[in-house]
Amino acid sequence: MDDQITALRARIDALNLELLERLSARAQVAEEIGRLQTAQGRSHYDPVREQAMLDALVAANHGPFSDATVKSLLKQVFQASMQLEEEQDKVQYLTSRRHHRADTVVWVGDVPIGGDHPAVLVAGPCAIESREQVEATAAHVASRGVRLFRGGAYKPRTDPYSFQGLGEEGLRLGRAACDAHGLKFVAELMDAADLPVFERSVDVIQIGARNMQNFRLLKAVGRSKLPVLLKRGLSATIEEWVMAAEYLLHEGNPNVILCERGIRTFERFTRNTLDVSAVALAKLETHLPVLVDVTHSGGRRDLLVPLTKAALAVGADGIMLEVHPNPAVALSDQKQQVDFEGFDAYLDATLFPETLSPGRTELYTER
Amino acid sequence: MDDQITALRARIDALNLELLERLSARAQVAEEIGRLQTAQGRSHYDPVREQAMLDALVAANHGPFSDATVKSLLKQVFQASMQLEEEQDKVQYLTSRRHHRADTVVWVGDVPIGGDHPAVLVAGPCAIESREQVEATAAHVASRGVRLFRGGAYKPRTDPYSFQGLGEEGLRLGRAACDAHGLKFVAELMDAADLPVFERSVDVIQIGARNMQNFRLLKAVGRSKLPVLLKRGLSATIEEWVMAAEYLLHEGNPNVILCERGIRTFERFTRNTLDVSAVALAKLETHLPVLVDVTHSGGRRDLLVPLTKAALAVGADGIMLEVHPNPAVALSDQKQQVDFEGFDAYLDATLFPETLSPGRTELYTER
Amino acid sequence: MDDQITALRARIDALNLELLERLSARAQVAEEIGRLQTAQGRSHYDPVREQAMLDALVAANHGPFSDATVKSLLKQVFQASMQLEEEQDKVQYLTSRRHHRADTVVWVGDVPIGGDHPAVLVAGPCAIESREQVEATAAHVASRGVRLFRGGAYKPRTDPYSFQGLGEEGLRLGRAACDAHGLKFVAELMDAADLPVFERSVDVIQIGARNMQNFRLLKAVGRSKLPVLLKRGLSATIEEWVMAAEYLLHEGNPNVILCERGIRTFERFTRNTLDVSAVALAKLETHLPVLVDVTHSGGRRDLLVPLTKAALAVGADGIMLEVHPNPAVALSDQKQQVDFEGFDAYLDATLFPETLSPGRTELYTER
Amino acid sequence: MDDQITALRARIDALNLELLERLSARAQVAEEIGRLQTAQGRSHYDPVREQAMLDALVAANHGPFSDATVKSLLKQVFQASMQLEEEQDKVQYLTSRRHHRADTVVWVGDVPIGGDHPAVLVAGPCAIESREQVEATAAHVASRGVRLFRGGAYKPRTDPYSFQGLGEEGLRLGRAACDAHGLKFVAELMDAADLPVFERSVDVIQIGARNMQNFRLLKAVGRSKLPVLLKRGLSATIEEWVMAAEYLLHEGNPNVILCERGIRTFERFTRNTLDVSAVALAKLETHLPVLVDVTHSGGRRDLLVPLTKAALAVGADGIMLEVHPNPAVALSDQKQQVDFEGFDAYLDATLFPETLSPGRTELYTER
């Protein structure tokens, strides 16, 4: 009986080679057609033609595969041809490491983010609330070696009656405090209409989690030259996040920094759940720098240090953290911002700003 | 021993009444302060004052509660006072049934949606692709009694290289087809900058799931007078969805229709998971009409009929459905749109457009 | 140029047919090998052989497909052959409608569940707490026409210090109350070791959500002849749920009733989220009856009526509901059980027990 | 007007102190009652008594709080008393750091897990398939310094027709291989009935994710003296996981090791999503050692190194990893096991087994 199987397997081997020969020939012809279609500016995928081919195959089918199986199988063959083209297209995704193998370094003025540069720390209050608050915070974090300052002037809030930020006045206060202390200013943009005032006021435009798939905003910011910090959506897959970055690069802005900020899960001990795999996969699949917002990821002060350690170990290019002179009276995020004393303790525990992340590049680029 | 317990319980009863007396007195004083603060335009919640009160209580505490428990307990008492005000505030949420007990009926021209009116059917292609496609679809659905036509001219797509809709040309084609067949036109708006052209072209502005928390867009559309169909976000809680509607009402637009379209779950047999509880709770908590998009909820043609039956049974005020002359060649959503024959079979199985939903109002308004 | 494309397409058409011919031949040979392997009691899938075939193909490949594409493509061809066998295997899944097209009716004594029989109502307390409580509840629900009584004697509790049920004494109390009022008794089994006492005491064995993938328990219950009510796990996919039922049928027990009880989601307004698509898909993919536990699905009394309507509309074969003489003092589920008055109001609103579900069978079996 | 507010605030301050006085008095009386009830073996919570108290309070209520608010508020006061007792109870949770501040070190023979001991590595195949496979793997990992060997003899499989493990024969093969190479043997137990044979064969009993809430299994294993490795359920909250461990400790087994293995999320690039916050919170809230299964967490070989780094950085006490002589032909988990060469590369990249985790204890015990 084993002899029988051996003989039949030899027949399979021969048929495999015959299949390969036809598949290769078919792929060559398909490529030729593709070139002609491209020259005519026509799309490669033609569902009517595909349907006609499938109909012809079904008409010719006499088993043992059912018609459904024949259709599914040849559809897979067609898709393989299309995948071949897609593979080639994928190399064209501007975010892809296949397109651009080396780490992108985004320079915010003279501060580099990404590549082999030391991990950066972006610190500041959730929202800019007053001149005193923003000035005190900027002074403190700058005195501790921080170079990048965060502070929201326009706040996306679930409830329309919550504090929504000081708006343009907030941008002015943030800019002044940053200028006074040699800091770069990062603030969230919610509407393309505000882009001109942001371009005059900030050093990095932040796109928030709720706007990750606000495609019109992405397109507008993609036409700016300012660095962009793109937060991952609350329930976005990694692919959706990377495609949002692709919108920015596609419009011409190469200075994109990804920022993981925790995903929505069933957990009630934390506000969100930090997804370190997303950091790893963003580094593997793209060449862009990746930060981690440890404040929103956990929503708990007692997790800031361990989550920072995990984020840096997995290869994050920097950390984002909320600092407020008096979190108990903050107009938002009271429970998760650290005060100045807490901030100093955090720096001691995490070794910022002396943190070096040797081997970060090695982890993801030497594949 | 039971006598002892009885005696101690009498002591508890007396203390309960003493607590009630002080709590009532305290609430009265707090109300008075609240009125004075409102008169001064000051916020009621003052975390510094609260901290001072808690500090004083801790200083006075001699057990048996720990300081932490005293703080937590009195914090709960403070919150009860705040809750009292919040309760009163809640009546002020414009979306709330406490504010507006009767069902809101949104009129799209002469077509009523909500209240005791028969459930409506919104049908049409995912995207407007050509004059022929939109014209044929409009003619067919109108011939079957449909009054509301959907068709996207601007399509939010995860991948920047996917078909993004015909834009303004799509709106023109849709408007023309609707005018030719006496249909009302529903189309998705992605950017406040396009609002003027939408106000000239459509009868209902749709806000898509990915823009549910695009607060700037909500504000702009809230200042329009056109009816708005607000889809629920992919992972939004019901409260977040209702708060998004609150943005619209708060800006002055009362013509808001909610639309459940399935939530993201772990399920792989369906694209999304229809959440009928969300329909029920939206009807219980708000006075707004609620539709269900059965095409996106399941992402499968074989679920359209059962999901429609479930949606109508739970009290939905209408259904949204994608219809395309030839789904196999559609530029999006190939797998889930129905063709004309499928559409006719759907109508037969669901009894549209003769569907009446008696008892719908009864289910949610007689509480 | 169009002529060129036409000519090339003719070449593609010819190659398609050549591919079909080889694929069919290959499938025939593979089938023959499969038969010989089955005769030898050997598994069909042989990864070493597959690897050798792929290696040979890669060695023979000269483009235009990359080696990776050739492997992926032929792997798809191999899988198509395997799928052909799997398709045939699938017909062998005992739960599958392909295997068994007609609805299975599970008889609990003289009470039929499934098929065209009217929807059933399973009512009773979360847990059996005392003789008085179980007797009063059984008397009340029986007086209203209910035939199936639920009541837990062994309660799975997250916290080891919570009330865990009365155990065997609970089974005795439940059995006595059911006998006194002509009811069938449904109770949850947590351990195969208790199976003998359950077989003496209950009419339907319930397997709870947390034990849905307790495969040893499934196997033991599969060897019993008692009807089984199998709850869906809190985050189980539909496929995982159906595979758990397959364990029961595979061991020889055909009397399986599926029970949807809501899935874990991000929603905070409800305890779980009723998944009506799961009911529809369980009816489409299997021939088993499907119930819906409306108490756990929503966890709110005000959702019992709308969720019941949705469940019956989507084709559920029955409803499960918790009733307690005085929910406020219940030892579990205080917030979601209804009292007798609430139960009567529920029956009036849902038209139980006169509910007929005409067209239920039609919805799912006439495909 | 500010004077008025100041005066009213003084009145509030006085009322606060009066409330504190009554609350303290009430708590003392309640404690006394509690002691008497404990002496009688009665439960502290008496819902009928609570209802009577609330009724009396509502009868006495004359505003400004509504009856509902009075009930809710005093219910909170009652709960605060109960919480006081619960707080005291919580100290009694055997898993809690409040109960047991120092890290528990679980000794598997002479191998310590937890505390300040170096992180351990548990390596071996997903399933034990043959004498040759288990022997080769044990030899290889032992030669590289590994002390703990994993290998499944009973495999929980979604599909009843999948390979379910070699059962007792698998345990024998695993034991022999471990004995030959000086390894400790870790294997999954699925049914309490198999406990005797496990106690003769293995060094650590693993409880799998699907059985995390199989409470009867937990109770049985809790009565064993063998160390237990408790995996977190696929969608379990951290609290549910810790409560499962509590079952084990409550039954008398102190040798419990927690194991995070990734949670179910919407992500399609990974099989599960590693939750590093869960590791951090398990270390904060309990005194038990915590491992991370990096194979199941990501389900991808290219994530093993970065996830290991993150896990160790966040304070994990060890790592679990699947190794197989030839993953391509494995009977399960083909895509995620590493071969010997991959294992050696993994060790080089992660610095196992020389890994020290200084500061681990510091991270979580010095609070």
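Letters are used for the chains, namely A, B, C and D, taken in the order the chains are written, and counting of residues starts over at 1 for each.
Assume contacts are C-beta pairs under 8 Å (C-beta built on N, C-alpha and C of every residue); 3 or more make two chains touch, one makes a residue touch a chain.
On a predicted model such as this, the values are computed, not experimentally measured, just so you know.
Asker: Based on mean C-alpha positions, I'd like to know which chain lies farthest from chain B.
Answerer: Greatest centre separation from chain B goes to chain D.
Asker: Since chain A and chain B share one sequence, what rotation angle in degrees maps the C-alpha trace of one onto the other, as a multiple of 5?
Answerer: That rotation is 180 degrees, given to the nearest 5.
Asker: Could you grab the centroid distance between chain A and chain B? Build each centroid from C-alpha atoms only and quote it in angstrom.
Answerer: Chain centres of chain A and chain B, defined by C-alpha means, are spaced 29 Å apart.
Asker: Just curious, how far off is chain D from chain B if you go by their C-alpha centres, in Å?
Answerer: 38
Asker: Could you state the distance in Å from the CA-based centre of chain A to that of chain D?
Answerer: Here the centre of chain D sits 31 Å away from the centre of chain A.
Asker: Where does chain A touch two or more other chains at once, residue-wise?
Answerer: Within chain A, residues 235, 239, 264, 266 contact more than one other chain.
Asker: Would you mind writing out the residues of chain A in touch with chain D in their complex?
Answerer: Residues 235, 237-239, 263, 265-270, 273-281, 283-284, 297-298, 302-303, 305-307, 309-315, 363-364, 367 of chain A touch chain D in their complex.
Asker: Under the definition above, what is the set of chain D residues touching chain B in their complex?
Answerer: So the residues of chain D in touch with chain B come to 1, 4-5, 8-9, 11-13, 15-20, 22-33, 36-37, 39-40, 49, 53, 56-57, 60-66, 69-70, 72-74, 76-77, 80, 83-84, 87, 264, 266.
Asker: Quick check: in the complex, which residue numbers of chain B touch chain A?
Answerer: 47-48, 51, 156-161, 190-193, 210-211, 213-217, 234-235, 239-240, 243, 246-247, 250, 264, 328-329, 334
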